[in-house]
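Naming follows writing order (A, B, C and D), and every chain is counted from residue 1.
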């Protein structure tokens, strides 16, 4: 058990390191896109360690407790994450719903802490984040329902293995409509450009993060990086057939993350009710159609 | 106390005694109520666990009892709710209009609920059912609102008539009023009608769509701690009836081939799905914290409907566990809100804020309750939702799944709102001085509930084993359980492991936090205001119209169900006036003529 | 006796080392809070975008004072804005730095004889780096930032410490010019 | 064109008929200026408002210290005819009191407060004309009066930086390498590290 826990912590730490480095690389890519030089690839590490070294302010115990709960919940979630079929802390317990709901603990912690700061902009940001969540989560869950029904297991590594066994028949190809929906939902999850309404620095001063500085903000940055790691890895496992070895995982992960970044950088920002209407129009319809085609009619490539 | 009949009689007489005692010492009367409730809960739990209930009845005429695993399961949950709420009683009696009857009504509903659960005779059941309705009816207006009680009575009467109709049809079908015997032989054309009538009776009691109108009215306007009773206790009677209808009355009609489910069950599942969606959407836009929780009760009732309608061991286990988890969570949440309302005299979120600074324990209780209610590990709600998801996904019910997922994510929205607006945010000056933490008895009740909320989420196996006996009793296969894990259709769940890993994560985060430089404490008003100097707390507290952008999208359509009932109400009144106009005129001979004519019409077939 | 003194010195040494490591991170990741009071603010967009690309120095704009490290005061400060500036400066988390732009923050610039505009910013809050010019061109702005990093490296950018040690003095100056830093206004009550 | 001029004419006759004008000036086809007595201002504004001049564009003052008078200026505008009318009236400078026009133009509230702050004119009828608006905690005579000396105020209130007499760099040799490095760095910054 102890060894499993250590492996899990290793996955969380590795995921954090990998994603943070990749975040820096992606900032470089975006800078290149805009004809800039861009920061160093390890800039994100510098940012986070700088924040941890600063002296912050605290608005009472719930402000700190929420941050601890947020980071703790996310680290806990990351500990369940399979990287490849072998690197996996708790085999057969990496249930998909654990990721979705344990992630929510982290989010709840952050939301609680933000509201506890007493700043109305933070509460507005949390409201927008939750509203966005109710928008993107439903189409995504319907697509995942289809996948679980087809694969017969809700274990994430099990789903990845199912795709590998079926001759690398990735769900990306088998469920093309669902894949499109999942890409859109993933952009919502990561808070990428058209759906980053809840950060909105110019309107609500970065929303939930408005009162954070120093170590609390640093911990939330760590939390954010691990969250991105969890969400992108979930996507890799569910749609891109997981990974046989760690290099394949890194490549797939990089492609997904960089692709999303490029897409998001040519977009503007939706209003919050536009986000909801957007997700409940085409993505939901596509997800339901995909589910009907795949489950009731059995037309899967 | 092993004899159910004696238990009921003792509870009733304790109620009468507390009524008498109230005139001498209200405190003593409340203590008696608490003792009585705990005594009932203790004996039901103990004898239910051993299985040594004495079901013979000697004192009451025409009444007979039987005990089954299902009824014991429900009885434990409901009596536990009563015991917890009874701890709140002493602090609320003074705020009531007629405090002296409260304890009497409280204990007599408890007695009648036991009657409903343990009787084996349909007519007795109906009698007890009506008794519960009538006694609980008078608990609602104690805070001063009569309209809610009238609404409650209307829908309850509707449910009772449906139940009565089903009972008569069963009697006609099988020739007996005994529950097990009459349900065993039901078949043929009557089956569908009986099924519909029973489901309608259950849904009216559960507050499911389209019979949901009364639920928020009653739970919103009843005395603050009584709402918990309705949500955690009496509403669950509806679930009990639903289980009768869905699990005991065998499936009827054609089967929906693609998902291998009878149409009638699918219809119930769809109704459950609609209940979830309506409850969620309405809960999101409530300003009154109690009404918000009431709509969340409605939405969770929808989960129970979906679970029971799917008719396999995983889903029924999920449904029964949801009954338990939701009872614990919603009672804890209602009681936390009641603890706040006792001091502030309001449950409107737009008038409250910053309660956490004076009531931190109440806040933690509410936090744990809503984590469970939203189905987030490591609390009990997650286990039941996971089981229900397993069943829904296994059946491939896409449209139900949309509703189930929507309700699950939507619950994050509505449970977070009281947290942010009522407990967190700016500390409003009007409550800064007077507010205190809740008194010890109330804290005791809330802490017990919190501990159970966590326990049901971390180590559910003992309870699931009990549910397994219920499932076997219903004639289904038991769910595979080991000491720590639950096996669903497509995966294993290890709740203890999740809790452990979560704790490890929190520990790591705590180590990171504590090893860094200490932060400077600043006040709540010292926040980013774009450089402006703001001194008024209300301006810095975001609590009105919390989800305004989302509400704007659907607020045009919310009144549809209510309008349907209002126009129905109108039509019935019109019809009654028409009859009055024709029949009950000033001339008695015309009335007599009509009565004779109608009698003749009714008796036509029998005479000929 | 001997050993305690040793550990004390050791502890100081360790603290100093940590501080130096922290300084490396801090000077390579300066997050700005732009207090755009005057015309010098127009020099910031070219500094941020592809011509000069501030991001390669690790700098970036931030939304709130809590998150930011360096406060950019771009231009003249009327009494009304000075109050807000002081409030904002006090909300920033430490260590914090201030860069004053243009001649207005140095000696009042073309507004030196106005009844509403202060002359020397460093009388009210500590300034680490001034960028002279009216307006300074973008190279000087960038140079000012690099100078700030050099100052941080040589531990001379200690304005926030000076604000603590000389707080009474700063406070006196603020009161002399403003009367009262925090004022009530009817629009926020 | 003729239309606008006829508008001016119409207003001219309207004003001439109703009020004793001290002076009337047609600035161009879109602007007319009248000088009235202090007591006529309110009536004139109501008449103009009922004639379509719905918008109060501006309200301000001019200080005439030599005449011991303050001149009030009201500018109203008609959206249908594209016509601005300036109304001038002089009031006593030592005791400047002008009744508020709040009942006629509610939008004048903040203009009057501003005028009070900068010129010291009192506006009875405006409930909070003496609340502070722009100058927070002002401690001198109103700053837009001509006898207010901003330089003296600034010298008194704000610390000045003493300009150095001699700007010579004391040690040229030691500064040289630093300047060179600085130039190089500036070059570097401009080209982004490329030659």
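Going forward, contacts are C-beta pairs under 8 Å (C-beta built on N, C-alpha and C of every residue); 3 or more make two chains touch, one makes a residue touch a chain.
Bear in mind the structure is a predicted one, so any value in this text is a computation, not a measurement.
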Set of chains adjacent to subunit A and to subunit D: C
Identity of the chain that, by mean CA position, is farthest from subunit D: B
Chain closest to the middle, measuring from C-alpha centroids that were averaged per chain: A
Length of the line joining the C-alpha centres of subunit A and subunit C, rounded to whole Å: 36
Gap in Å, rounded to a whole number, between the CA centres of subunit D and subunit B: 67
Between subunit C and subunit D, centroid-to-centroid distance (C-alpha), Å: 34
Centroid distance [mean C-alpha coordinates] between subunit C and subunit B, Å: 58
Residues of subunit C engaged with two or more neighbouring chains: 53, 56, 64-66, 83, 91, 93, 183, 185
Contacts with 2+ other chains: residues of subunit D: 192
Contacts with 2+ other chains: residues of subunit A: 37, 53-57, 205, 210-211, 214
Listing of all chain pairs that touch each other, if any do: A-B, A-C, B-C, C-D
Complex interface listing, subunit B residues touching subunit A: 258-259, 354, 356-357, 360, 363, 367, 371, 374-377, 382, 385-386, 389-390, 392-394, 396, 398-399, 401-402, 405-406, 409-410, 412-413, 416, 419-421, 424-427, 488, 490-494, 497-498, 500-510, 512-513, 516-528, 530, 540-542, 546-547, 549-550, 552-553
Touch list for subunit B against partner subunit C, complex: 520, 526, 528-529, 531-536, 539
Contact set on subunit C toward subunit B in their complex: 64-66, 83-85, 87-88, 91, 93, 182-185, 188-189
Footprint of subunit C on subunit A - complex, ascending: 27, 31, 34-40, 43, 46-47, 49-50, 53-57, 201-202, 205-206, 209-214, 217
Footprint of subunit D on subunit C - complex, ascending: 52-53, 56, 79-80, 83, 106-108, 112-120, 123, 139-140, 142-143, 146, 173, 176-180, 183, 185-186
